[in-house]
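For reference, the structure is listed below as structure tokens.
Letters A, B and C mark the chains in the order given here, with residues in each chain numbered from 1 onward.
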Amino acid sequence: MTVLEVSAVRRTFGGLVAVQGIDFTIGAGEVVGFIGPNGSGKSTLFNLLTGVLKPDSGNIRLFGEDIVGRPTHLIARAGVARTFQIPMLFWNMTLLENLLAATVEENWSTAQSRAEQVLELLELQHMTHHQARDLSGGQQRLLEMGRILMRDPKVVFLDEVAAGVHPRLREIILTAIRKLRGQGVSICVIEHDMELTQSICDRMIVMDAGKVIAEGPFETVTADPTVMKAYLGDITL
Amino acid sequence: MTLNQSAGWRGLGVVSKVAVIILAVICVSLPFWAGPYWIRIGTGIIMWAGLALSWNVICGYAGYISFGHVAFFGIGAYSTAILMQPEYNWNFFATLPVGAVIAGGLAAIVGWPVLKLRGAYFAIGTWALGEAIREFATVVPFTGGSYGLSLPPNTSSAFFYFTMLAATALAYLICYVLLERSRFGYRVKAVRDSEIAARMQGINADRVKIQAFVLSAIIPAVLGGINAYWITFINPDSVLNTIFTDQMVVMVLLGGLGTLWGPALGAAVLYFLSQQFSALFGSSTWYLVFIGILVMAVVLVLPNGLVSLLPGARKRGVLNQVIGGVVGGIHQTKPSAGAATPKEARHDSP
Amino acid sequence: MDIFIQTLVTGLLIGGLYVAISMGFALSFGVLDVVDLAIGMWVVLGAYAAVVGQQAFGIEPLLMLPVVFVFFGFVGWLIGPFIYRVRTSNYALPALMALAFTFGIETAIRGGLLATFGYTPKSVQADLLQGVWHVMGISIPIVRVAGFVFALVLAAALLIFLYFTRLGLAIRAMAQNKDSAGLMGVNVKRMSTLVYALYVGVTSMAGVLVGAVYSTTPQVGLRYTLFAFFVVVLAGMGSVMGVLVSGLILGILQAFVTVYVGANYTLMTVFLVLFLILLLLPNGLARRTA
């Protein structure tokens, strides 16, 4: 079943074309990795798909419905959740409150106990009543994952969720991702860490300069000379 | 600065509980044993505690600084004054909802476009709104222009004390329930802290902000209506003066932004200081210099307000926890009752 | 038709003044990202300084211009670090606290001026600028021309400074991205203070001329803050060039409202227009940026 369908999406900023002619689909339960050099438009794409930005042209269909122009919060309620490249937590609220706030529009009656479970899963229970601003960088990303876990989403976008994170915490993030995957959630991941990408992604989409330049399983894509060129430039080895 | 969630009655120590009960008894019984001067002071402090609370709702909880808040106070004052004129002769209590509705309506209309923008636009926009309303009241005939309006006299200071107390207590109750014990509170604070992330959790940020703004407008409107009847004569200078907003700002910053009881503490302290000031210097504009410097000092040195100075977590959350105790049994939206851990670890961020 | 042209000319000249009082703020806002609620108070301070200079020391107001610039620039230099510190602090709501801080400045200055000078309006008498030109039936008060010229000179000076000096380059870099600028050796804190000092100095200089055209009381500070804000918002926050255009637009708008509707309605009209513009063009006249 196709969960997400993207066609001919384009977005510019002033004179800069950030994203153009993007076409792909995501199926249920798939984990798709988005890789590419910095500035290739990956985060912009995620912003477009989650309603944070509006495309200049193109179609985005979520569960068959067109979501272009739909307000962010309605897209979220349709079952989309994400992390941000730079964590955007509720800094003045405690960890527990952050998780409760994540589910405030959904099933509230079990929120408290679920929040406690999530904190346990993330091994953050000792910080339950600390403010989010007191967390380390890695813990912040964990909490962002926690928010996702609270929401029971169907499609998840992770934007460099393990970037610069301590290996121990990274393990926890991976566990969380596998848990989501086990629930049949579709996951889109932006990552620079190839090892991580290889271990969880079913297939890859490679972007460069706002376009998709390759698509397929990890091994195929990483052997592709176009991909090499994008990352390394015109080097003859 | 930190913005704290309140704990419950259970988090209170025995001493604190007793202190709170004593304070409550004093408050409620004041008119029976104090002289008219102190009843007046008490009425004033209570009103300001309410005004400061309303400003804190839009600023501390929603994160938008409103510099024209006096406009809502004035609307309430004029609504009551106009409706109590001999040709309409409304009952006093009936006039209060009218002012509230008008103020709330204006907040919704003005807020709808302006709250979509950054805080600075809102600050300046509300400042301009306050001035525009004042100009409007001065120019338009049915407000009595710059001469103002008289209201029917009522000499019972106890009446006004209790009315003001009831209104302010109700306001605190409503705000406590909505902001500290309900999902709305989570929504508002989430939008304040990180609007994009809040939207990503399904929160309709635009609607939440307007709701907070409307709530923050209704409270001063009601208090303005009571105030008008209390002082018997109003004109643009007395109920639409920027000094009202100035004082609200200072009281909240001084007491503790974003805490439920900070404003009350700030109101009491500043009111007291202002009385001392006029005793020493008369009603001089040096007072403005004083509060201006006070604001700067608080921002630099005490951004968490006075509530953060009160020793120990239990005492700090005292008043929060009072309401928690009273209301706790009635309305628990926190799904389990285990949420009453005393919030000791709340230290100021550097 | 005559009235139309006269109103237009008057509007342009007033617009020049608005450009003068807004330009500094546009620069400061681009760099510090703080809306200064005391903009109007710096204008008023400049006017009062010129009045004092004239009445107490007999100094010709035009000569006060450099004095005012240096003196208030210095005041800005003293205050700047605090604003910078609050804005970049670890506070829960730094932008809001910075706004509150400038509010404190505004209130303190207003109170001080009221206590010292009272409510009576004061005017700067610029003898060198007395008189009115009559060109084709249009009256052009010389003092307003001076204000207009001042605005143009200021705009030119500022643009040259920003685009042709190293210091200006550093400032523009900071306005774009403070972190990167810092990494390239720009002392962000010191530069921010410099920019703030520049802004205060320039704005109070403009105040001297404003004081020559209009009579001033401490209460009108708010009005100038609103107008300056209007100008900068319309231009697109941080766009210095846009200020030139939007300042003139505001001047023309005010002139036409005063002549064709009534002076009492100016503030309300400006407020309404600002309101509508924010509704339709949240980014002002500046081209949409990322």
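Methods note: a residue touches a chain if its C-beta (ideal position, glycine included) is under 8 Å from a C-beta of that chain, and two chains touch if they have at least 3 such contacts.
Note that this is a predicted model, so its numbers are computed, not measured.
J.: Using each chain's Cα centroid, which is most distant from the centroid of chain B?
T.: For chain B, the chain whose C-alpha mean is farthest off is A.
J.: Just to be sure I understand: the centre of a chain is the mean of its C-alpha atoms, right? Then which chain's centre is nearest the mean of all of them?
T.: B
J.: How far is the middle of chain A from the middle of chain B, if each middle is the mean of its Cα atoms, in Å?
T.: 41
J.: Quick check: how many Å separate the C-alpha centres of chain A and chain C?
T.: 45
J.: Could you state the distance in Å from the CA-based centre of chain B to that of chain C?
T.: Here the centre of chain C sits 33 Å away from the centre of chain B.
J.: Residues of chain C that contact two or more other chains, please.
T.: Chain C, residues with two or more chain partners: 90, 92.
J.: Considering chain B alone, which of its residues make contact with at least two other chains?
T.: In chain B, the residues touching two or more other chains are 2-3, 192, 258, 349.
J.: In chain A, what residues contact two or more other chains?
T.: 91-92, 133
J.: What residues on chain B touch chain A, complex-wise?
T.: 2-3, 5, 183, 186-187, 189-190, 192-194, 196-205, 258, 333-336, 338-339, 341, 343, 345-346, 349
J.: Over in the complex, which chain A residues touch chain B? Could you list them?
T.: Touch list, chain A to chain B: 50-52, 71-73, 76-77, 80-82, 84, 88-94, 97, 100-106, 108-113, 129-131, 133-134, 147, 151.
J.: Under the touch definition given earlier, write down the residues of chain C that touch chain B in their complex.
T.: That would be residues 35, 37, 82, 85-86, 90-93, 95-97, 99-101, 103-112, 114-115, 222, 225-226, 229, 233, 264, 267-268, 270-271, 274-275, 278-279, 282 of chain C.
J.: Okay, in this complex, where on chain B does chain C touch?
T.: 1-3, 59, 63, 65, 67, 113-114, 116-117, 119-121, 123-125, 127-129, 131-132, 135-136, 139, 192, 242, 246, 249, 253, 257-258, 284-296, 299-300, 303, 349-350
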